[in-house]
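What follows is a structure written as structure tokens; I'll ask about it next.
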Amino acid sequence: MKKLINDAGTVVPDALRGVAAAHPGLRVDVDNQIVFRASGPRTGKVGLVSGGGSGHEPLHGGFVGYGMLDAACAGEVFTSPVPDQMIEATSAVDGGAGVLHIVKNYTGDVLNFRMAAELSAEEGVRVESVLVDDDVAVRDSLYTAGRRGTGATLFVEKIAGALAETGAPLAEVARVAREVNARSRSFGIALSSCTTPAAGRPTFELSDTEVELGIGIHGEPGRTRSALRPARELVDLAMDALHEDLPLSGDLLVMVNGMGGTPLIELYIAYAAVADHLAGRGARAARCLVGNYVTSLDMQGFSVSVCRLDDELTGLWDAPVETPALRWGR
Amino acid sequence: MKKLINDAGTVVPDALRGVAAAHPGLRVDVDNQIVFRASGPRTGKVGLVSGGGSGHEPLHGGFVGYGMLDAACAGEVFTSPVPDQMIEATSAVDGGAGVLHIVKNYTGDVLNFRMAAELSAEEGVRVESVLVDDDVAVRDSLYTAGRRGTGATLFVEKIAGALAETGAPLAEVARVAREVNARSRSFGIALSSCTTPAAGRPTFELSDTEVELGIGIHGEPGRTRSALRPARELVDLAMDALHEDLPLSGDLLVMVNGMGGTPLIELYIAYAAVADHLAGRGARAARCLVGNYVTSLDMQGFSVSVCRLDDELTGLWDAPVETPALRWGR
Amino acid sequence: MDVAFFASWIEEAARTVSSDRERLTALDAAIGDADHGTNLDRGFTAVAHALGTADPATPGALLTLVGTTLIRKVGGASGPLYGTFFRETGKALGDDAEVSVARLHTALQAGLAGVRALGSAAEGDKTMVDALAPAVRALEEAVRDGGDPADPTDAAEAIGAAAAAARTGAESTIPLQARKGRASYLGPRSVGHEDPGAASTALILAALHAVATR
Amino acid sequence: MDVAFFASWIEEAARTVSSDRERLTALDAAIGDADHGTNLDRGFTAVAHALGTADPATPGALLTLVGTTLIRKVGGASGPLYGTFFRETGKALGDDAEVSVARLHTALQAGLAGVRALGSAAEGDKTMVDALAPAVRALEEAVRDGGDPADPTDAAEAIGAAAAAARTGAESTIPLQARKGRASYLGPRSVGHEDPGAASTALILAALHAVATR
């Protein structure tokens, strides 16, 4: 394993110390692994708390700031954070209007956030939880833990965050968050595995001519292995999978997301193919992001996320945001 | 070689098509491989043109937009663009106040930009050229082609771009650009080589326990090979090299830059070490960037760039910028 | 079985989780995210620390503290699930200073019920429940079939049956397709691998047996 | 040597650059950025295309077009340098329809001067100049030492001496430490490798020789 780290056991606090040093707009509780806005809670504003395992940077800490999250809890690499962190974050960001938990649908995240929500409620904070489960690679049925939460988490955090900034009530913010999730789908493809610092070797092995289709963001193998092929064809595979689940039409918010080890030049090549694919279906990327936003350590690969926009969602997407990883309008 | 590409021969135009599709604020001439602001030249504003080999994304095309470049010429991977592109870009962005060429110090870039500047001048455009040569790994002497231009290119493009936006004359914009370069230094360390699409295999081989010290941004080997060690120690090596050349003191602009294949979590770990190192020297990162900005395809590694700020430069750094890869204040 | 016995169990469990950490992580790499061994090792290290400072007076208090610590320190799926298991087991033991095998059985049953309620996994879903449920059943049978509930040899035998059932249960997950947790994302590709949580449950019950035969 | 002869040279140079592309790129990988073969191959492909459409009338016009095309299409260090080399050589040939070896020598001398002026490399800096300069010198000597300037066999021999000198010159770069171009960044680590530009110069002159002996 070759990583720019000090010690496999201190990866998360070491990185959080860097986040703290780099971003004066954030307050980082390194011991409890929580990233807050430095400005603290705003009275009457719904607080947004998210969190999850580390290794997906900039998700979630990089999305804390005006117009997006109020706090993010960082777990160990690929391991959901614990209820204590969530409870601490929840009470710290409550401005009296309640707190929204944005939870990616993994058993660990769900169980820990559920415990935290119950205990926070007992402490008198109004909490609503929204589950993100956008990954069409997982068939949602009795036979799985349900779809995973992946790229759409960014969409939910941005759009719900923008609405919260307007002073909308908790129920409204939760409604729009669920709406974004319901309108969003993702599909990911890996060209390589990733190596967690603790394990020290790649989670799975891929030959030079293979890709994993339908991967999540934890280095877990995908649903099938397939032959490496031109970017255009890989994108078509992903887009077809999305379309099968949610017809691609009208104005879309589109993200071509890198898994951490894929350079930007390749992501733009993929985005060109996405734009072509959408044109072929008569749909349009009204808004887009191309970059490394929801990553899986050093994995090479990409995911495509789409959200069917309406005027309300487009307006909230365009609203100002000021976080380390997403910034416009201020 | 495993890359998200269509064909090794069409990497640059394919990526430029993606840039064009993703960024309505840009106009991309895919045939001539030039990225322009969609808004065209502004009368009385000095135009800023840069460019270089591809494979360093977001440099340079990702820095075209308000407050930064007016045009960027993209060469083949790791190969400087040709004079025709530069001449075309220069005449297209001239708003009557002349054009600044920002040139990274590599023989290829220098020669091609020199030819372009001469021909553009013959066509009646006032052109000034600024050479960026910030890489302290190369001893500047009679015995080398001089220091390479690396991370400081971003600093020069941002700060000169901000000044140009105020309507400052060409000589002033060139002066501040040279000043930024004179105050900036960089040093890079690679944990892996990179693979150009045309070559199809890594430019050099590194074992699992080795790093290359003093690398540039073209996958070229560094000046020495050394043992892999904790991030903190690698950072100290880089910082010591910078300090030896330009004492680290006072307010600095600092960039911890990823080489393309290193995930953000590791860059933050490095940034924590940079902040510690600076504190130890009584210096301060008054402004900073942490991310993949001046990359070398899929190389794993990082570079640290510093610029000694004064009030003028800090103000220009803080001025609004709106490009695909750097955005604040609007 | 007194509080010292239960302290030894947890100590032994911590030791064996630590020495089998790589194996558990490797199992998780195959059908999960390669962290199960690291997660449990981190959790049991925190447990050792918590027990060292708190020094609980009864078996019930001890196991409840173990559970709370796991919930607070592990994260992931296994943190709340194992945490709940130990908490519910501990709570069921009340303030008793001395625990019989029969009492242990009902307490473990409560622990299992807690895991089931939280994770809603049924047997056959390829989770820790596939090791835990047969273990509790085996203990129940051993208790019912007799022996002297106060005789330590008989207790050790009963616990041995439970540990063996856990091991068999863990192995029985190999041919199963996962329906819960991260492994379920793999669909049919989850077949052919032992579930890491079931494997760690077998380890934890083997530790109980090891301590009972000392 | 007429325009057809020079067209054949360039054709042969394109062929050999293309077939040696990987080797040139590998040389560049060792002390540069692994693109020299790709760069030249792209350039000569564009040259072939340009010659196919433009059909220049004289050797001078042809070589000038070759140079301009290389400048326009190659980029990097070698684009302007080789471009200048061919342009200056072509310009020095003026409108002549037929070129003697002596005339070729003075023209190549002008090409070399152009490369020197642009890149300011001296012999021994480990660049293409280390192949080009001895080649031009060898041609000069061959011309001076006689032979019938109009006899094709004597011309071929003279050109053969130039090509051999270029090859020797390219090999002479191996022990050198680079002082120009990308390889100079490596300092002492550039020692022990053949300069890719010198290697391609040797190829281009070998192509000239091959055509001259047909």
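The chains carry the letters A, B, C and D, assigned in the order they are written, with residues numbered from 1 in each.
Rule of thumb we're sticking to: a residue touches a chain if its C-beta (ideal position, glycine included) is under 8 Å from a C-beta of that chain, and two chains touch if they have at least 3 such contacts.
The chain list, named the UniProt way, goes like this: C, D = Dihydroxyacetone kinase subunit DhaL.
All of these numbers come straight from a predicted model, not from anything done at the bench.
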item: Labels of chains that are neighbours to chain A and to chain C; value: none
item: Most remote chain, CA-based centroid, reference being chain C; value: D
item: Whole-Å gap separating chain A and chain D, where each centre is the average of the chain's CA atoms; value: 55
item: Geometric centre distance via CA averages, chain D-chain B, whole Å; value: 33
item: Whole-Å gap separating chain C and chain D, where each centre is the average of the chain's CA atoms; value: 76
item: Multi-chain contact sites of chain D, meaning residues that touch two or more partners; value: none
item: Contacts with 2+ other chains: residues of chain A; value: none
item: Touch-based graph of the chains, sorted into line, ring, star, complete or other; value: line
item: Touch relationships between chains, expressed as pairs; value: A-B, A-C, B-D
item: Chain A-facing residues of chain B, complex; value: 1-7, 11, 14-22, 54-55, 57-58, 62, 191-192, 208, 228, 230-232, 234, 260-275, 285, 288, 290, 292, 295, 297-298, 300-302, 322, 327-330
item: Contact set on chain C toward chain A in their complex; value: 25, 29, 31-35, 38-39, 42, 71-81, 118-119, 177, 179-182, 184-187, 189
item: Chain B residues within the chain D interface of the complex; value: 53, 75-84, 106-108, 111-112, 115, 137-139, 142-145, 148, 196, 198-199, 203-204, 216, 218-221, 223-224
